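Here it is, the structure, as structure tokens.
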Amino acid sequence: MSTMDHDFSATRRVILKGAGVLTLVGLGIVPLDLTRAFAAANDKYPEEAFKQKSDADVIKALYGKTAEPSDKVKMDAPEIAENGAVVPIAVSTTLADVTSIAFLVSENPNVLIAKYNIPAGTLPNVANRIKMAKTSNVTVLVEAGGKLYSAVKEVKVTVGGCGG
Amino acid sequence: MASTIRVRATSSGETTEVQALIQHPMDSGFVKDSKGELIPPHFIQQLTFEHDGKTVFAADWGGGVSKDPYVKFAFKGGKKGDELKISWVDNKGATDTTTAKIQ
Amino acid sequence: MRLRSAITLASAALALAALTLASALPSGAADKVDPVADAKAFKKFFTDKFPKVKFEDFVNGPYSMNEDLYRQWQEKEQFPPYEFSLEMGKEMFSKPFKNGKTYADCFPNGGIGIRQNYPLFDEKEGKVITLELALNRCREANGEQPYSYVRDEMAALTAYMAFTSRGKLMDIKIPNDPRALAAYENGKEYFYTRRGQLNFSCATCHVQSPGERIRAEILAPALGIVNAMPIYRSEWSGMGTTSRRFTTCNSQIRGVPLSPQDDEYRNVEYYLSYVSNGLPISGPGARP
Amino acid sequence: MRNLMPKSALVLILVAAGAISASAAGSEDDFKAAYAAAEAANKEAGKLRNQWTTTANTLAAAKKAADAGDFDKATASAKEAEALAKASIFQATSEKTRWREMEIR
């Protein structure tokens, strides 16, 4: 069942036409998964993924497959964040067919920070500003051609951005 | 009231670079106020950019995105004078929408 | 509990002991007040200490002294966090009071491009008038309630006024009036006077240690520090005025802050601004 | 320029701290006297425009302990507050001339 989920989200933009969803219903998918199927179709907010407490659980909830490190994923992040409340992180990649990019901070109370959906025609480069509670690995996931790639960098935080 | 969304979109001919800054507290739900009580979560969950009736960028955000969030991306196409529609919805159901002209 | 109180006491005694030990040192004679010489020495101190920092970059605080920080700042400046405050200030500035007048009516040149002249010494009143004070007086003169000196509206208004003055060189005048010199001298004294349980003066952090980290923060040099006001501080998650900077500095060293716009704070701002003459206005600024 | 604390001073401090906390006595009257003395000293520091936040905090702790009926603790805190206030007075007084040592010239 979970395999189906993965394939689904990986290629969701291709099968968004109503027929695909209907077919799934016909296959007798349980309501929970139906919701998720629609979720993908409508870019529904990945509520569960945002509640996860570890990189692995986020990746599982979001993509359901493992990520392989890639030197084609370039992350631009400071060595030492000036303040954990505002840490500028940018990513770019030379990978083709990128469909989404996600930012994870391992040591934050909720690990997933943001997921960006990249339609065809949009460049696989994103910059944003994130909060970091303390020194942590920052992971960028790039979903491209149905596969998942990652890059990791440690960012030191001396003034935390999550209270205190 | 002024929009909560500020956008700068510039076309270089082939691509359009978009930067947006949004006024929002982005409370994660993990921070305590001065009285030691947790500030309830209040953050933007989804942000979309549309050009010519098509979504060119869509963000799913958690409470870990900085206060007054900023994002930058670029897409192929887009001419000077084209409109870009930006909208967000937060976890309390509040929304805002604006349109910006590509420069 | 006992340990805690012993520590508190110990630190009290520490300050005492430090004072006692140091009081054997010769104290400077009360020299003639010479602002021109002061300003020259002040600039020389910083340019000697940081030979690589370009003179006009001193207004960029800690960013001018650390490459990693500088890059983060450059990224932030692409769409700076003070943007909303600045826009709010612009709107507020042009919106008439209930009596139909505007802020522009209270200031020379309609309030545009004049930030570099504040604070100024008012010879009629015999006191230093800061921009923040002038703004609230403008409001009161027009039948409006004054704003809090430390927060949003005041930061927004001063952000806008600073923005219209960006690049103009700080140009503080000390008129030939003994009261002006006295205010300047009093500001200088405040700047160098150690206070609070930590026994720090403004100078301890911003003259002796800029570029260094205190706890986690990289300190800004005193030279040009006022040129960037008001500032959006990530630590505050918001904007703050010069008043906010002074009062929070005082409480950080465990001293009870004076009221915002207290004569002494106005005098410190006068002193600090005067010795930063010739440096460009860079406010509103963004700081860690 | 920088005032680093010599080791000998630290010894002094510890002795002073021990002496004061040992002398803390227990009755309500003792507390009231100690509290009044601390308040007076802090007021004086206020006139010199150099109150310490820690003095106010310690005074508040003293009051809280007294309200809870713990006069041992209340008196000790009040005496501590007085010591802090006196240190702040001393600081303000000596800085009247000492600030010039820090001045850039």
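Details
The chains carry the letters A, B, C and D, assigned in the order they are written, with residues numbered from 1 in each.
Definition applied: contacts are C-beta pairs under 8 Å (C-beta built on N, C-alpha and C of every residue); 3 or more make two chains touch, one makes a residue touch a chain.
This is a predicted model, so every value here is computed, not measured.
Across A-C and A-B, it is A-B that has more C-beta pairs touching. A straight line joining the Cα centres of chain A and chain C is 43 Å long. Remark: chain A and chain B have CA centroids separated by 17 Å (rounded to whole angstrom). Mean C-alpha positions place chain C and chain D at a centre distance of 30 Å. Once the centre of each chain is set as its mean CA position, chain B and chain C turn out to be 33 Å apart.
Residue positions of chain C touching 2 or more other chains, listed in rising order: 81, 237.
Within chain A, residues 85-87, 90, 127, 129, 161 each touch two or more of the remaining chains. Chain contacts: chain D has no residue touching two or more partner chains.
Contact between chains, as defined at the top, is found for A-B, A-C, B-C, C-D. In the complex of the two chains, the chain C residues touching chain A come out as 68-69, 71-73, 75-76, 81, 213, 215-218, 234-235, 237, 288. Contact residues on chain A toward chain B in their complex (touch as defined above): 43, 45-46, 50, 85-87, 90, 105, 108-110, 112-119, 121-123, 125-131, 133, 161-163.
For chain C in complex with chain D, the touching residues are 1-2, 5-6, 8-19, 21-23, 25, 27-28, 37-38, 41-42, 45, 188-189, 192-197, 199, 201, 203-204, 207-208, 251, 254-256, 258, 264. Interface residues of chain B facing chain C in the complex, by the touch rule stated above, are 2, 6, 8, 19-21, 23, 67-68, 70, 72. Contact residues on chain D toward chain C in their complex (touch as defined above): 1-3, 5-6, 9-10, 12-14, 16-18, 20-21, 46, 49-54, 56, 58, 73, 76-77, 80, 83-84, 86-88, 90-92, 94-95, 97-105.
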